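Note that the chains are named A, B, C, D and E in the order they appear, and that numbering of residues resets to 1 at the start of each chain.
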Amino acid sequence: MHFDWPYFWHQLLEPDGAFIQGLWLTILISVGGQVIGLVIGLPMALARRSASVFLMWPARFYIFLMRGTPLLVQIVFIYTGLAAAGILRFHDFIAGPFTISGNVQAGILALGLNEGAYMAEIFRAGIDAVDRGQTEAAKSLGMVPGQILRFVVLPQALRIILLPIGNQFNIMLKNSTLVSVIGVSEMLLVTETINSATFRTFELYSVLALYFLVLTSIWGGVMRYVEWRMDRGAARGDTAVIGTLQGEHI
Amino acid sequence: MHFDWPYFWHQLLEPDGAFIQGLWLTILISVGGQVIGLVIGLPMALARRSASVFLMWPARFYIFLMRGTPLLVQIVFIYTGLAAAGILRFHDFIAGPFTISGNVQAGILALGLNEGAYMAEIFRAGIDAVDRGQTEAAKSLGMVPGQILRFVVLPQALRIILLPIGNQFNIMLKNSTLVSVIGVSEMLLVTETINSATFRTFELYSVLALYFLVLTSIWGGVMRYVEWRMDRGAARGDTAVIGTLQGEHI
Amino acid sequence: QAALPPAMMKSKTIRYCSAINLPPMEFMSPQTKPEGVDIDLGDALAKSLGLNAVYINMPFAGLIPALLADHCDAIISQLFIKKSRLQVIDEIPYMFSHEAVLLKPGAPKVPDLEALSGKKVATVTGTTATVLLDKANVALKAAGKTPIDIVAFPENTQALQQLQFGQVAAYGVAYETARYYVHKVPGQFAMGGPPYFKIATGIGLRKNETALNQALSASLATMMKNGTYATIFKKWDLGIDMLKPAGG
Amino acid sequence: MADVLVQAERVEKFFGPNKILDGVSFTVTRGETVVLIGSSGSGKTTLLRCINHLEKIEAGRITVNGFLIGYRDRRGVLIEDRERNIARQRRDVGMVFQRFNLFANLSALDNIILAPMRVRGENRAVATERAMRLLARVGLAEKARNFPASLSGGQQQRVAIARALAMEPAVMLFDEPTSALDPEMVGEVLAVMRGLAQDGMTMMIVTHEMGFARQVADRIIVMDQGRIVEDGPPERLFNAPTHPKTRTLLAVRH
Amino acid sequence: MADVLVQAERVEKFFGPNKILDGVSFTVTRGETVVLIGSSGSGKTTLLRCINHLEKIEAGRITVNGFLIGYRDRRGVLIEDRERNIARQRRDVGMVFQRFNLFANLSALDNIILAPMRVRGENRAVATERAMRLLARVGLAEKARNFPASLSGGQQQRVAIARALAMEPAVMLFDEPTSALDPEMVGEVLAVMRGLAQDGMTMMIVTHEMGFARQVADRIIVMDQGRIVEDGPPERLFNAPTHPKTRTLLAVRH
């Protein structure tokens, strides 16, 4: 086996500008998808828990659809399928010096819609995990459902779901590679492009894998710090229920 | 928007032979990957729990690597990267009338190696969830570790992890689409191929999504049945700990 | 007949890597059988060597890595003969190709690539169009103009459809493919101008595969002489791409 | 009649096929302390929760301060009221739970001022001022900044009482307020409740503390299988119970 | 000396920095029933677990039937034995746990025959025959096919005793075998143990059932803070305890 060490080190330590741009795009897409997922997830969770069938069934259907089909299919469907049917076409979005091109928008939207379903399930579990007594006490004080949610249930649910959400973001970082199929030049597509000119496949993919390991490890460190902070908080007594929900992913 | 209903119904109800072959390949790859994942997962879980650093650290590293990098990258790396470096080349495997081509092997292997890391964590959690008292009782009767594992701990752990494994297989079904990038003609690639001739993108991807919904729903039904059987078993009293570990995925 | 590599003698099969997505060169029939110029040629070459041909479909950017990884014996996928490629593989020339820019009907024609300044242009990852567009961008930047926004897709259908849906303004692709779509889907696409960038195109082989190289070269020569070659190019109406006119 | 604060008339409540409250009627007049006793499952908790409309009722009517609870009377037919109106009615009824139910995400002080600020729209200064007075009254002025998890059970329950009082309810409902407490903390909570009774607060109390009941109750209501089987002043019930249930309940725990 | 079955010599055991057993020495001769008492945390459980090598010891030595437990003596230095040898030694020592620890995945019968078949290599028929005899002895012949989850605590503990007996151990260790049981089930388990004592089984029993201890014990060992503070026949300890600990332990629970 021949491994081109100098090339490997060069790519690892002084990567092409395109690769760095790919790294930023990977981060942008992941964060964007996560934000959309969070924004969708909470109302979906509330709709899913609602007594009204007009809210509950659409939410259920959305979650079923997003969790029952492959993300890769969702990505192509949203970018190409919707455009083919004339439902939604993506055009460049220009904000001052920044341009977010259509396929990046589609990629973020697809990742976000997919994530929204998983977020909805996490939010739902988190809300359900808050003791019913909390809601009853709030009711008995004359608070209305919106107030109860905002001041009592959500603050407690958020602590419970912080870690599952963190795990989801780790998955999101990795899933962001899938948008390469619609031509978004994130790290994987950049690597493929460089490879199609240099053919140092093994070296290039090793570098790519290392970059992902670093990204996911950094995020893992952030999560451990948050966990530690929460545990310390719990020890000091400024919180109650933590750490119930630790699993439940893709 | 124009939706070609006749074409949609035709593809849905009387799909091309190629599509049906893609469906079988999707199932073959998913099952193959899952089997490899299970076969790898158990020893890895045992190694990860081992007191020996020569077992523990490699297992930890393997799990870290597989969970820290995107599956898509792993697939390309295993099929193209390893071969490019001359480490591992995939050749067609011919068994009588059946041929399993190199890229299918690589796809199954990549999915399986990735799955193995998640399986290892599930097995580990399952084994840890079996009450320590069970092991001590077995020790006190003179049983050696291998016997304890085989006759006491594993049978109980398996009941605990049946559902998490089932969830993983659902993810596997969806992740199998990723091997399309190395030219495995599973359902997604067949759909793309048909699309490249007919350009009925929206209709074709709708059909594809429906096929996946059916696959994952059938599997969901199987899991609910297993869950119901286990609950009934628990009610009859032929098992103890069930349902601890319900989350923990990709 | 020249000796073939032992593995190939044994399996009686030649494995071609191909991005079966670029009509009329190679594409899947509705029954998902490969067809096209390259497929006809590949089949004919295999037949003359007494072999079966199998085609392994993969993204264009993965072709050379796959060949190097020994996932196939040859690439037949309208692979242009370029210096950078000849550093890692050998190529047996068998035709000429051209590049083209595909547009929506009614869009202003493009005399050269620089005319695409500021536009969003689709390509397929790893193809020569990408390289040419990159070069044009260097020139544009030097001239102080807005560069072209290149969006590289892993495969042709994706790229083409984005033009169809107006999500990109143009598609940089081989002339042969562009022409195919202009005729195949009337009213959807238009040529941006005459073909440009004539380039020899070859069958890709690993370096040092001398036996296979000689066997294929000899078979190709025979086919050019006996008219098989010309028949194929006539069938697909690509006479302008022939290496040597029949009988000439 | 102006002095009737809580009135229940032939209240019926089902859980599934089970009749949990079976024609319950009683009145509580202003300033009265009423103790509810009954064996486990007799429906005491359910009855208190109905007064707050934490549970719906299937028949009968409950009024607090003259207002129908949880329902609107539309030409003799009761239809369930809107969430917002029910919330408004609940302000008049303070409730103290067996398991305290302090808001885990808020300090003792914030637990007390949340509803006055959000429900009654008081400003923080006013709400805090009253909250500190109430905390002092339950003997926890110095614990204002503590979170529930760092308070003992007895302290949590006293904060919970202060929280309910902060809404200035017309009547306070207590559901076994001391039964989740370690024995040494029971006294501190009962002392607070005794103080409330002396100050003339109207209260309905479910408790197993018979000594306390005898001391503070103006009336004792005895429940059995969803019915009220006896209702009278403690002296009579302790000395001359008419129903066998009363006899066993008071005898065992006396 | 041939009759010494269990011998501990100056055993020391640490958990982290804490000395849990502090120079414990005693002997148990064949057929003896020894009861261990001591307040919570005094090291009774730990001592039993050391006899089984479920815990390592840091100093001293323990022998059962003349064989060193858990260690090999290499020219005076004790080095820990191999897992396989330790497993072999454990066959001689039966253990009954506070929380029963029946194998949840196996029926009562399979719980009993598992070790005889897998460890001693008996065939199923022989193992089953003995198991049924033992089940009859503990009064559970008709529960052979039941899984642990469908047995009461007392029944589970009796199956656990049968399971330990099936390996025909030289000595049986009981760690508070009745303390996880509802009061009405304590009797049935003690009856089985009393039977074993009468049949001459060598036993070491940790228990808080002082009446039972007085009745069956040949000797009582009193532990306090990891030491043996008194060791003698029950009559003397009950009537003339020398150590203050013994006095409080026997007085309180007598």
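Throughout what follows, a contact is a pair of C-beta atoms (placed from the backbone, for glycine too) under 8 Å apart; a residue touches a chain by one contact, two chains touch by 3 or more.
Note that this is a predicted model, so its numbers are computed, not measured.
Following the contact convention of this document, no chain is adjacent to both chain A and chain D. Graph distance from chain A to chain E, where chains that touch are one step apart, equals 2.
Hopping across touching chains, the smallest step count from chain B to chain D is 2.
Taking the mean of C-alpha positions as each chain's centre, the chain lying farthest from the centre of chain B is D.
Separation between the centroids of chain C and chain D, computed from CA atoms only, is 83 Å. A separation of 38 Å divides the Cα centre of chain A from that of chain C. Computed centre separation for the pair chain B/chain C is 37 angstrom, with centres defined by C-alpha atoms.
One inter-chain figure worth recording: chain B and chain E are separated by 46 Å, centre to centre, where each centre is the mean of the chain's CA atoms.
Multi-chain contact residues of chain B, defined as those touching 2 or more other chains: 76, 80, 82, 84, 181, 192, 199, 201. In chain E, there is no position where the chain touches two or more neighbouring chains simultaneously. Residue positions of chain C touching 2 or more other chains, listed in rising order: 59, 62, 65, 68-69, 154, 161, 164. Pairs of chains meeting the touch criterion: A-B, A-C, A-D, B-C, B-E. On the chain A side of its complex with chain D, the touching residues are 131, 133-134, 136-145, 147, 151-152, 155-156, 159, 234, 236-241. Residue ranges of chain B in contact with chain C, taken from their complex: 16-18, 76, 79-80, 82-84, 89-90, 101-103, 181-183, 185, 189-190, 192-199, 201.
Taken together, the chain B residues at the contact with chain A in this complex read 1-3, 64-65, 67-74, 76-77, 80-82, 84-87, 164, 171, 173-178, 180-181, 188, 192, 199-202, 205-206, 208-209, 212-213, 216-217, 245-250.
Across the complex, chain A is touched by residues 59-62, 64-65, 68-69, 84, 88, 120, 122, 125-126, 130, 149, 151-154, 158-159, 161-162, 164-167 of chain C.
The touching residues of chain C, when paired with chain B in their complex, are 20-21, 23, 27-32, 56-59, 62, 65-66, 68-71, 154-157, 161, 164, 185.
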